[in-house]
Structure formats: structure tokens, C-alpha cells
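Structures for review follow.
Common to both upcoming complexes is subunit A, partnered first by subunit B, then by subunit C.
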Partner chain A sequence: MVTCTGCALLCEDIEVVLENGGIKESRNACRRGAARFRGCKNRLAPSVDKKQTDIDTAIKKAAEILKNAKSLMLFGWSNSTCEAQAKGIQLAKKLNAAIDDTSSFCQGLLIERVLQKKFRTCSLEDVRNRADVLVYWGSDAQDSQPRHLSRFSVFPRGESRQRGYEEDRLAIAIDVRESNTAKICKGHFYRIPLKGDREFILALMEALVGKVPKYDAKRMLELAGIMKKAEFGVIFAGIGLTYSIKDDIDILVSLADMLPNFHVMPMVGHYNMRGFNEALFKETGFVNRVKFGVKPVHDNKYAVVEALKSKSIDALLITGSDPLSSLPRSILSHLASIPVICIDPCVTLTSKIAAVTIPAAASGLECGGSAVRMDGKVIEISKVVENSYLTDAQILTRLMEGL
Partner chain B sequence: MPTVMELYQLLPKTNCKKCGESTCMAFSVALLSRKKKVSECTPILEESFKKQKEKLESLLLPTAGAEETGMIVHPELCTGCGNCVVACPVDVANDPHGAGTGCAPTNDKVIFKVMDGKVVAFNIKECRRFGKNRVLCYACIDPCPTGAIEFV
Partner chain C sequence: MGMDVGKFMKNPEYEIKLTTHRDIFQVEALEYDRFGDEYKKHSAVVVMGKDDMNKFGLKTGDRVRLMNSFGSIVVELRESKREEPGGLAFMVNSPWSNALVSDETGGRGIPEFKNINAKISRTKDEITTIESLIDR
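The block that comes next holds the complex of A and B.
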């Protein structure tokens, strides 16, 4: 049995068939996980200024860039093990650098509130054993975390939910489009307009206190009735909800306060995003966008998008992320003009423009460690195939030595 | 998947009974359930029905890979989510602590298993749609949002 690092569910029940030192077939993993076990097609090679070199030269040059940078940022981290993340935070501290991860434009806001204990939350095992009302809000778990519904939420039989989805559980989807998750929720799909989440929450709050809501009164009262009767409800808050109410996230806290039997769980995409958030929160009290100095400072200007847009950084170290293919076009010009150090197992768009590339072992496949699941449980990750690649943590240690 | 009416429209509609069925409609039902073959209809083999015969064969092509119970798994549509593995009542009865609780199947008595990111059907004779006391079960079709499982 090995652990899949395809998404933040970290499924631990995967079997792999090995052949000639490689993986021939994976069993029980979804399509996303199976692709992860197949490894990358284009392996990254060590390079300096786009010329191939050996790994020692690449690390030496990277250390030089880090040393000379006046305003450095370390970014990525969501696809690295907890051990590598700890080293990354240590490195940022040593260099007085800014550090940010993908939660900065993902679920950071929600995770911060979960860690501050503003929401009641629960483990995925609790969901399996006890949950009876499941609300997928702005989240298409069926496509983003394919085994979420079958392994933990809708379909499995749990201790107090022996009859499973047929009688004991009710799944509700609130989304702007009829996603694959909404198709499973069938009669309980609430379609909302774009950016309509705030209005929907306000209407739901009115319905919960017994007022007739202004917005779709009949269905809102029906939904409020279901939510009030729930014995153990969970709101799976997806990125759709977080983006829509990011300026007023506390409205969701108010809604959760009105529902004493409900728990909120942020639906995390990258497998160890929550791990980084927890580590940084423990160290500084913030989950992302931190600059180390005399004391750690948290500010929106230390978000990777803002920093690149305002051209306030002069070097960037990226670990296991591809900002060039996922971030807005406005950051491109500055990203291309500064020295970028890319630590990744595969060739990505970002690695193509990087000044230094350092190949790393793919975690969960070529190296082990630990990671934090979307509900906060620490899961051990196993090494599956033998290889000679350095892990993210080893590369960061050598970079620190090089300084 | 073709419907009985679509198949019927392409048949000669003479109710000649040469195939052994009482009507052309009954023959199209038999075609869809793979009890009869197109070639058993003698009039359609004539030159004048050539185009209709070709269309009929192309319509029936997707049913060729069906299991004994008529189950077809479309690997190109399957996302390997495992909803069918956990929802199938036979899987739950045969492996209550594995597939029944959402974990990986712990024995070989289950019908569905996910291999290399796609679902594969085993032990097809255990399926509730098979055998003497068969029932029209939809437990694996309903939870599949991509329509990767079909019965013909």
C-alpha cells in the first residue's frame, strides 16, 4: 500500500505493480492519481542560463543568486513534503526573504480561519462515520478530488451511517454551473449567478431565522429546513466560494455560527498546501504572504501576484510550482526579467524561462516524507521507486550550505 | 447507444418471420439484447437494403464489447473516482469493510475495481442484472456523472 499525492485527499490505499524498477500499473487510484504514478514525460535537467550542466554547478549558481538578491521571494511549496517546507521556511528566515505559497491565490483565507479556530471543522473520518448533510459549495469535488465522494463523503457506509447514500445521507450542491458533483446531487442543486454567493448566504441566514428571504424564497426555506434538521452537517467550501466572498470572508463565519451542527472544510487542491499553511502559521501566526526580517511581517504586497505585478522582487525561487501557466498574464514581463530558480521534477513552462533549473525527486513516487491532508491529518508518504534524484529538502539544505 | 426504434426504422418492416421472431419490432429488441445477429434477417441481405444494413451494423458496433449482463464500461469517459465500486450493492455485501466503507476492495469477490485510473468489471455473474432472479439495478449507473457505465 502506498500513498497517492495526486490531490489533498492523500489516499493511502493504493497498490502499485512494479516492473524493471518502474511502475507498471497503479490500482485503486483515480485517473489523476494514476497519472501522478506514471511520472513525468519530460524530466527536468540541471541547467544554468538555459545551458545544461551538472547539479553541483546549478546549486552553486542558485546559491549565488540567492546571496546577491536584495529582495528575494520563495514561492511554491504546495507540492513538497513537510520536511522540505520546514527547510524552505528556515531558508527564508536566514535570507530575510518573503515567502508565499499557492494558497495565496487559493484557499489561504479559509485555512487561516480554520487554524484560528473561527470555524468548527472535522476530520474526513468523521464525515464518513457521522455526516448526514453534505454541502458542496463552489466546489466540484468529483473532478478536483475524484475520490472524495466515494471514499469519505457521499457513498461510503460509516459507523452511524450504515445505509450510506441511499437513505442516510443528503448531498447538496451550490454552484454557478451544473458540475459533475451537482449531477450527483440531482434534486438538491442550487444554481447561483456569478459572484452571487454573498447574496445567497444573506438569504440563507434570513431563512434560518424564520424570515422570508428576498431571493428564491421557496427553495431557500427548503434548504434552511434541511440544514437546521441536520445531525452532522459539513460545508465543503470550494475555491468558487472563497473567490466570490474573499473581501468579506467573515460572512461565512457568521453563517457557520448560525448552524451549530455544521462544520466547514476548505477543499484543498495541491496535496500539501495545508501542510505549508500550518507550518508557517506555527512559526509566524500567518498562513502565507510573509516577509522575514527583525520580525515576520504579513502583508498583501508579499503575495506572489502582487509582488510580481509591482515589480518589487529581484529574484524568485520556485519549488514544485508552475506560476507561468497558472498566474495572470500581467506578471509575465517581470517574471521573465528577473533570475528565477526552478526546483521541479518535470519540465514546465516556468522551468523554460528559469535562469537555474534543479531537478528534484517527485514526492510520493521517488521520495517519501509526510504531508497534511485537507482536514489537517498528517499522512506518511512512501517512496515507491529507487532513484538517484535529490529530494526538495536535500536541495534546500545544500543551497543553505552554499550560502 | 441505439434505441429499439432506431433499429426498427432500418429494418425492412415486413414482419416476414424468417428470422424466427414474430415481428420486425421483436427482432430489433433481440438485436439490441444481442440474442440475434443482423445476418439472421434474410431480406436485409439483399442489395437494395445495403445502405440500411451498413447503418444498422455501425449502430450496433458499441454493443459489441458488452459483458454477459450487457454492461459496457467506456474507459475514455471513466475518471476512476470509484463511486460505482462503493455504491454497488454486491460490492458492499461481498466486501463490507473494504469497498463498503469507501476504501480499496480487500477481496476478489467485488464486481468493480479501479485499475490504472479506470474502472474494470470482474465477477460479472455476481451482478444483480444477471441470472434467474435478475433485477433492473441502476446502482452503478446513477452515481456516475460522466456516463461511463452503460447497460445494453
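The block that comes next holds the complex of A and C.
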């Protein structure tokens, strides 16, 4: 059995069939996971200034860029093992650089509050064994963490939930779109207007204290009734919810405070985003957006989006992320004018414009290590096939040595 | 045969709101090849409710230009298989949708990925390629 790094569920029950040193087939994984085991079509090659070279030359050039930068940022990290993330943080410290990860424009706001213990949270095993009311809020797990419902929440039997979804569990979806997850929550889908989550929370809070809410009173009172009666409820907070209430995220803390039997779990996409957040939090007290110096400073200006927008960095090292693909094009013009170092197993949009590219082993396939599941549990990931690629951690070590 | 008058008329533009989501088939294609046809097929698409399409005189399979002050892309239009309340169109999150996302963040580092205002109009232009989204 091996672990899938397709998403932050880190499913540990994958069987792989090997043939001629490669993976012939994977079993038990979802469509997303199976694709991860098949690997990508275009492997990244080492290059400097878009000309192919050997790995040593690429690493040497990258170290030179890092050394000469006056305002450097190290970014990415959510697709790397904990071991590589630790090296990345070490490198940032050594270079007095800024460090940020994809949680900065994803679930960082929620994970930070989980780590600060502002939310009651729980493990996925608790969900399987005990949860009776499951609220998918701005989260389409069926498409993003595809085995969430079948391994942990709606469908499995659990210690105190022997009759599963037919009698023991109730699944609710609150979303702008009738997602594939919402379809499963039949009869309990609450459609909200775009950016309507805050108003929905306020109305739900009114209903919870017995007032008649201004907004969809009948269904809101019904939902409040279900949530109040829950023995073990969980709000799976998706990126749809986070984006919608990003300017007033603590309103979700206030709602959770009114629901003593409820737990909040941020739904994480990338397999080890939480790992990075935990590591940086332990080191600095912040989950992302930190600049090292005399002491670590946290500021929104160290968010990758703001740093690119304000053109305040003069070099960017990216590990396992493709900002050219995942960020708005309106803020990306700066990327073309600074040296970008791209460490990745595969060719990406960003690698096409990078000054230096360094191919890495794909974690969970070509290298092992550990990672943190979306609920905070540490999971070992395995090396499945022999190969000669350097791991992210080895590349970062060599960069440090080359300084 | 009569002259194709449509050819000389500017196609009418309509204001729409767009939101984005994830799709397992698109993610599968992304894992394999983000420059491939399969990824483009699942990404360069906008989905709309039937009533909105009727209102705008658009139909499934039309190529449409989505445009705002941040960018302009050409994608394929498809009718939603679900009941939609109207007034909102859907795209899978991708470099195509990201071409339309505002640079306004209030200094707080999170763009409005899921809250896009754009104009939609029918076009004969080709679907935007991923290569052209890297060029600047």
C-alpha cells in the first residue's frame, strides 16, 4: 500500500502494479489520484536562460541568483514533503528572504485560525466514527478531494454511526452552485447568491438564537434546528466560503462559537499545504507571508500576490507551484522582468518563462517523506519507483551549499 | 443567397457575472499535460443556464468572447445541465478564467478568483490558446 499525493486526503490505501520499473496501474485511487500516479507527459529538464543544460550548471546559476538578490521571495511549497519545506524555511532564514506559500491566496486564513485554536476541530477518523451532521460549505469535495465523502464523511459506517447516510448521517451543502457534492446532499442544498455567505451566516446566527431571520426564514430556521440538534457536527469549509468572507473571516469563528457540538475543518487541496503552514507557524507564529531578518516579520506585503503586484521583489524561487497558471494575469507582468527559478517535476506555464529550471522527483512517486493531511495528521508518503531525480529537499540543500 | 448581414454587424455584448469552480476531469487533464487539448477542452469553456442563453440569443457550441478591463479570452459556450437561477455563468478555475480576474485585492493578498464581471459576445475568433496566455 502506498500514499496518494493527489490531494490533502493523502489516501494511504493505494495499490500499485509495477512493470519495467514504472507504474503500470494504480488501484483504489480516485480519478485525480490515478492521474497523479500516471505522472505528467512533459518532464522538466534543467535549463538556464531557456537553454537546456546539466543539473549542476542549473543549480550553480540558481545559487548565484539567490546570492545576488536584494529582495528575494521563496514561494510554492504545498506540493513538497515536510522535509523539503523545512529546508525551504531554513534557506529563507539564511538568505533573509521572504517566504510564502499557496495558502496565501487559498485556505491560509482558516488554517491559521485552526492552529491558533480559534476553531474547535477534529480528525477525519472522528468524522467517520462520530459525525452525524456534515456541512459542505463552499466546498465541492467530490471534485476536489474526491474520496472525502466515501472514506470519511457521508458513506462509511463508523463506531457510533452504524447505519451510515441512510439513517445516521445528514449531509448539507451550502453553495453558489449546485455542485456534484450538493447533488448528493439532496433536499439539504442551500443555494446562496455570489458573495452571499456573510449574510447567510448572519441569518443563521439569528435563527440559532430563536429570532426570525430576515433571509429565507423558513429554511434558515430548519437548518438552525438541524445544527442545534447535531451530536457531532462538522463544517467542511471550502475555498468558496473562504473567498466569500475573506474580509471578515472571524464571522465564521463567531458562528462556530454558537454551535458547541460543531467542528470546523478547512478543506485543503494541495497535498501538503497544511504541512508548510504548521512548520512556519511553529518557527514564527505565522502560517505564511513572512520575511526573515533580525526577527521574522509577518506582513501582507509579503503575500506573493502583493509582492508581484507592487513589483517589490527582484528574484523568485518557486518550488512545486505554477503561479502563472494559478494567479490572475493582471498581477503577473512583474514575473517576466525578474529572474525566476523553477523547481518542479513537470513543465509548467511558469517553467516556460523561468531563468533557471531544475527538475525534481515527484513526491509520492519518485521520493518519499512525510506530509500533513488536511486534518493535521502526519502521514508517511512512499517512494514507489526507482529513479535518479533529485528530491526538492536535496536540491534546496545543494542550493544552500552553493551560496 | 442573401448576404450574411451578421458578418458586418458588431455582435451584441451583454454584462455577466462569472464564478469559478473545480472539476475532476479538468484536474485529471492538468496532472497529465497542462498544454494538452484535453485540459483546454475542460478549461476554455463557460457554462450558462438555459434562460440566460435564450435571453442573449446564444446557443451551446457558440464561441464567445469574455472581456473586461483585465483581459479578453475566447471560449466555448455550453448550456448548464442543471437548473440555474440565472444571472451567473460558470468556469472551471484555470489560466483562462484567471485572465479575467481583477488585480484589486485591497492589499490583502487574495484576488477575487470567484467573482468576475465581464462582457460576453458571440465571436468567430478561435478559442484562446494556453500559449497566448503566457505571452505578455
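FYI, the second predicted complex is superposed on the first by the 403 of 403 C-alpha atoms of A that agree within 3 Å, B and C clash if a C-alpha of one lies under 4 Å from a C-alpha of the other, contacts with A are read in each partner's own complex, and residues count from 1 in each chain.
Definition applied: a residue touches a chain if its C-beta (ideal position, glycine included) is under 8 Å from a C-beta of that chain, and two chains touch if they have at least 3 such contacts.
Since we're looking at a predicted model, the values are computed, not measured.
Shared-chain residue A:R147: touches subunit B; no touch with subunit C. Of the two partner chains, neither subunit B nor subunit C is touched by A:K211.
When both complexes are overlaid on chain A, the residue A:K195 reaches subunit C alone and has no touch with subunit B.
When the shared chain is aligned, subunit C comes close enough to touch A:L332, but subunit B does not.
By the document's definition of touching, neither partner reaches A:R43: not subunit B, not subunit C. Of the two partners subunit B and subunit C, it is C that touches the larger number of subunit A residues.
In the superposed pair of complexes, A:S26 makes contact with subunit B only, with no contact to subunit C.
In the superposition on chain A, A:S104 makes contact with subunit C only, not with subunit B.
When the two complexes are overlaid on their common chain A, residue A:A35 makes contact with subunit B and with subunit C alike. By the touch criterion defined above, A:L349 lies against subunit C but remains apart from subunit B after alignment on the C-alpha atoms of chain A. The contact surfaces that subunit B and subunit C form on subunit A in the two complexes overlap at residues 30-32, 34-35, 142-143, 146. Interface of subunit C with subunit A (complex): residues 17, 19, 21-25, 27-29, 31-36, 70-71, 82-83, 85, 88, 90, 93-95, 98-99, 101-103, 105-115, 130, 133-134, 136.
Subunit A makes touch with subunit B in their complex at residues 13-15, 25-35, 128, 142-143, 146-147, 149-152, 154-158, 164-165, 180-181, 183-184. Considering their complex, residues 6, 30-32, 34-36, 38-42, 104-105, 109, 140, 142-144, 146, 176-179, 191, 194-195, 240, 243-244, 246-247, 269, 289, 300-301, 303-306, 309, 322, 324-333, 336, 347-349, 352-353 of subunit A touch subunit C.
Against subunit A, the residues of subunit B that register as touching in their complex are 78-83, 85-87, 92, 96, 100-105, 113-118, 143, 145-146.
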